[in-house]
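Quick one: this structure, given as structure tokens, is what I'll be asking you about.
Order of writing sets the labels: A, B, C and D. Residues in every chain begin at 1.
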Amino acid sequence: MSLQLFIEQLLNGIQFGFMLFLMSAGLTLIFGVMGLINLAHGSFFMIGAFSASFVAGLTGNFFLAILASLIFPALIGITVEFSIIRKLYERDHLDQVLATFALILIFSEATRYIFGAFPLFLDIPNILQGNILLPGEIVYSKYRLIIIIIGLFIAIGLYFLINRTLLGIQIKAGQNDRQMIRVLGINISRLYTIVFAMGAALAGLAGALIGAIQSVEVGMGEPVLILAFVVIVIGGIGSIKGALIGALLIGVLDTMARLFLPIFFELIMETSQALSLGSSLASMSAYLLMALVLIFRPTGLFGKK
Amino acid sequence: MAEKKEILKLSGINKCFGNVVVAKDISLTVISNQLHALIGPNGAGKTTLIKMISGELKPDQGVVMLLDRKVNHLSEIARVHRGCIRSFQVSSIIGSMTVFENILLAVKQKRSILKMLFRKFQSNSSESSFVYQTLNQLSLETLETKVASTLSHGDKRKLELAMALAMGPKILLLDEPFAGLDQAESSKLIELLKSIKKNMPIFLIEHDMQAVFALADKISVLNEGEIIESGSVEKIRRSKLVQNAYLGGDL
Amino acid sequence: MLTEKKFNLIIVLGIFAFSLIGYVMNEPYFITLATKIVILGIAGCALNLILGFGGMVSFGHAMFFGVGSYVAAISAFHSMNGESIDLIFFDFNGSSQMLFNWFLAVIFSMFFALIVGSISIRTSGVYFIMITLAFAQMTYYFSLGWTKYGGEDGLSTYVRNDLFSINTMLPLNFFIICFACLCVVGFILNWVINSNFGNFLKGCKENEEKMISLGLNPYTLKLTAFVISGAITGLAGALYVDLNRFVSPTSLSWQTSGELIVLVILGGSARLFGPLLGAIVFILLEQFLGEVTENWQFWLGVILVLIVLYFPKGVSGLFIKD
Amino acid sequence: MFKKSISTFILFLLTISYAYGDKVKVGMITTLSGGGSGLGIDIRDGFALAVKDEPNIEIISGDDQRKPDIAVQLADKMIQSDKVDIITGIVWSNLAMAVVPAVVNQGKFYLSPNAGPSLLAGKKCHKNYFNIAWQNDNLHEAAGGYASSAGFKNSFIIAPNYPAGKDALTGYKRYFKGSIENEVYTKLGQTDYAAEIAKIRASNADSVYFFLPGGMGIAFIKQFSQAQVDLPLVGPAFSFDQGILKAVGNAALGVKNTSQWSKDIENAQNKKFVKDFQSAYGRLPSLYASQGYDTGKIIVSAMANASIKDMDAFREALKNAPSQGFKSTRGKFSFSSNHHPIQDIYVREVVEENGTLTNKLISSGLVDHSNFYVDQCKM
């Protein structure tokens, strides 16, 4: 295998990682600040993709579509937070699991009712089609490069938001000690709503960015949701840094395992078995990594003891 | 009176958390029928020390001896089985169970898993008479059927003590049992501990000086991980070193 | 309001009556539904042993359900096609005997539970939820690629296994077999939670530190409970194979784990047999709503949300007084 | 006297029922909610359209949620409680593998409007099981044949890691005469193919064949096109169906795919079907709708020739339907000895027609194509 191909695959892994990061950042914040296990987070991913597809179909403008993928999920997030989620903060995790599981059913069926059972169309704009030549003769997809850059910007943005702004301080206070933010006289319910909406918007953005190169369909959020949970657990719940590192780890590992495991097994066994075993193991790799991390660090890489 | 026996003996205990020294060459002994109190300002390392005795933490250096045997390598659970029983700073009871059941848990604790699976959680006559005896000793008998989480703070502390006693300890490690008790409850507990210490060695960590001075046979003073003075109540009262470090000259 | 004993009795008799009504009215599907309720109820109650009483939220119980299913199905499959499995020491020819296949399912799921539990119980809280999920996902992906036994297509056993000389293909007979299993499992679980062990387990859920200071090892306690729960879930899996005469990786998927948790919470995790009521409510809702509207999942979602918000103790909380 | 009148009455009833045909209850188990429900809805609608003028058919439908266990339980319910005579509707192979044995073992007919797993065509075939769509390998075999005739010498082939995926690639290889550059199995449900596409670009292949049903295929085609890999892409019809083309967009333009049906196949039955379907549901019919429609029409035809009360006669009527009045939307159609279709499989190209993407027939790939498993089936 050439070095170029290897680097291209590495970039693919990183791109996948940043996409997972967009999903997990919100999830980990919501868990860290409100202590809420939000299974419905994948639904915001789906809502983001559907609203982008809808707006793109209406206006033909991809950038308006991306904007919509931030706004609609945030608005729906606020509505749901107001009407249902708010009542769950004081409940134990189990009630949250049941309620947000029910929300998945509601969101999925409502989306199917509105948009029909077939996948929707969402494509990237012409200027982002095709490839770009990176230094070292590496051919790489323009759009995927853009996803990496957006992911980087959002990671940096979140870093500044958490460490340099009042909202960030409140969020950190909330993560450390829920009593403390009351003492500090912070409007908790507003803080919670903002965090929830922010998480929903990030998930929606991820949905739209990914929807443009995959398929916009009902149920697209759940597989990503499970991986995002894997990411935040590896990183340590509540830690944005952990989410970033966990996401990149999973992204690169998953891509590399898909690439190398079948090749590796072909060395030691017959081809068709090797392909099948290799790809089975590649599918398990993320979970294997999570299990290993938890065996050695029961609260994730950057989690609090 | 039985001969004086060393129940607990610490020698040369050292412990660091990173750069912070929390125990520096600590040596002390608790002998039978003695209440040995450990006092010291917040952050002096008292709770760390009790954790090293109970086995939750391991010292970096030094020896912990329980009944003349080195127990450094033993886990917390193994030390409990050797009779080293501990109470917590915050009342540690099973809130959803009744007072009786809480004590019954303590009575039944020695069974193996298999035996535990095949025995009903019921007391036989000898067990229940033992539970009632413990309840009477701590004057909890009227609260027998109350759910533990509904008890008053003082009663919760008593229940915790009752659970510790019900396990038949060789030595009791008490971590601030007086914390949060009002005057009346405090003096009741003092009386109680006075009667218990007659035939039970106790290692007590406490802030409440009144209680310590009323109860202790021997006092050690811990400051910044070091024992700066050790001796009888009178000696400690008079010690300039102690007053400077901790008591602020008030006594 | 009822006492817990009366509640249990009414639920169990209710299920039995439901299937009898099906029999009398010649609506065998009622019996099939009741059988499904019983089987999922068994799995739910087993999960509740560790979830409600041990405080361990396992998001990977589909693994034990699926392992039990696959073991029973593979044994039945080999007995049917006459191919034997070479186990080095001897050749295993499979079996069409229910009792034997149940036994195998229980042994294997216990074994899995022992391994998974001994690793997972080192963690707690959300980390425990996720590590159990991780193991279940691994077995799920393994089964997808295991083409010898059908991979994603699953494995058909065509007929139910035999038990003595009972005609197990008759819905009522099979229901009674499952119902008997439910009674036995109910007795065992009830015994466990009322034993010394069960009470220490409850203690563990509330205050692990205290259990240590009582000289008990919470790890062993929890692991034992985990293994018991896994074993019973495996039995439910084996029964489910006989109900459907079929097994597929779906029974190992995270959705199955999620549904088991839903049964537990819906019914109420504070009561041992809450999940049985959860299974009744969930399956009947699924059935009833599915016949009324195509968008039944939407309405199921709405009902579940309302139940969480307004009946925090689950449906069983409505009937049982504290 | 009384007795006699009763028996005359019964005789009378019998004649009536013969004259008008017995009522046939059909259980439609298909995916109506969640992912992939578009396919199930099309099958149901196509079937309903085919039987709407047949008063003696009653349809009982149920949503299998794409879960095999639910599908089996629905089958049990329909057989035991609703007393259906025929079950049909299942979209997915793995569900069919669960349901078909349960149905035929309880002495009912199963007519498959979509899935055709190899086991059910071969070793586990059954006299009461009919497949109206195709054996799973068929479209892939045709694709392999097409790739050979188009002059491709070296293919990169890709499918998900599950039995249908393996069958698909086996089918392709069975009819492809060139060499295989690389055979890749992806995770079922995977939607990011960057790694695989990079491999394709780096390879020496001169063509790419893929079988990635549903959303997986949409994602693959889009990413393949966005990556501007300059290789011809071939796939089975599933990824280029009417419902899916909308979501794929122009990325699919020019791609060749193989199908046993296309909306522009020239025959009266097909024209009527396409017209009726559009006017009834306001959308273009899909492959699945055509299969559902054919399934319905076969039942209608069999009912005209036999009573459902007589299983053997009805089975014969089903089997001989193609020569007794049943006209398939695909044109030529007959059953092989293992009750699977013998039919032409065409090659289509995705084109734009009045602003909508659709398929155009370009050649007939395999003519009178049966299936590989006929000899393995002992009925």
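In the analysis below, a residue touches a chain if its C-beta (ideal position, glycine included) is under 8 Å from a C-beta of that chain, and two chains touch if they have at least 3 such contacts.
Just so we're clear, the structure is a prediction, and the values are computed from it rather than from any experiment.
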Distance-to-centre winner among chains (Cα means, whole assembly as reference): C
C-D or A-D, whichever has more C-beta pairs in contact: A-D
Whole-Å separation of chain centres (CA-atom averages), chain A against chain D: 36
Centroid distance [mean C-alpha coordinates] between chain D and chain B, Å: 76
Interchain centroid distance [CA atoms averaged], chain B/chain C, Å: 44
Chain D, residues touching no fewer than two other chains: 33-34, 161, 166, 187-188
Two or more partner chains touched - positions in chain A: 108-109, 112, 276, 279-280, 283
Residue numbers of chain B (touch at least two other chains): none
Chain contact graph, described as a line, ring, star, complete graph or other shape: other
Complete list of chain pairs which touch one another: A-C, A-D, B-C, C-D
For the chain C and chain A complex, residues of the former touching the latter: 51, 57, 119, 122-127, 129-131, 133-135, 137-138, 141-142, 144-145, 147, 254, 258, 261-262, 264-266, 269, 295, 297-298, 300-305, 307-309, 312
Residue numbers on chain D that touch chain C, as the complex places them: 32-34, 62-63, 67-69, 72-73, 76-77, 80-82, 93-94, 97-98, 101-102, 105, 117, 119, 124, 161-164, 166, 187-188
Complex contacts: residues of chain C adjacent to chain D: 27-30, 32-33, 36, 141, 144-145, 147, 150-154, 156, 158-159, 171, 240, 243-246, 248, 250-251, 290, 294-297
Contact footprint of chain A on chain D as seen in their complex: 33-35, 37-38, 41, 161, 166, 183-189, 191-192, 194-196, 198-199, 201-202, 214-216, 218-219, 222-223, 226-228, 243-244, 246-251
Contact footprint of chain B on chain C as seen in their complex: 192, 194-200, 202-203, 206-207, 209-210, 212-217, 220-221, 224
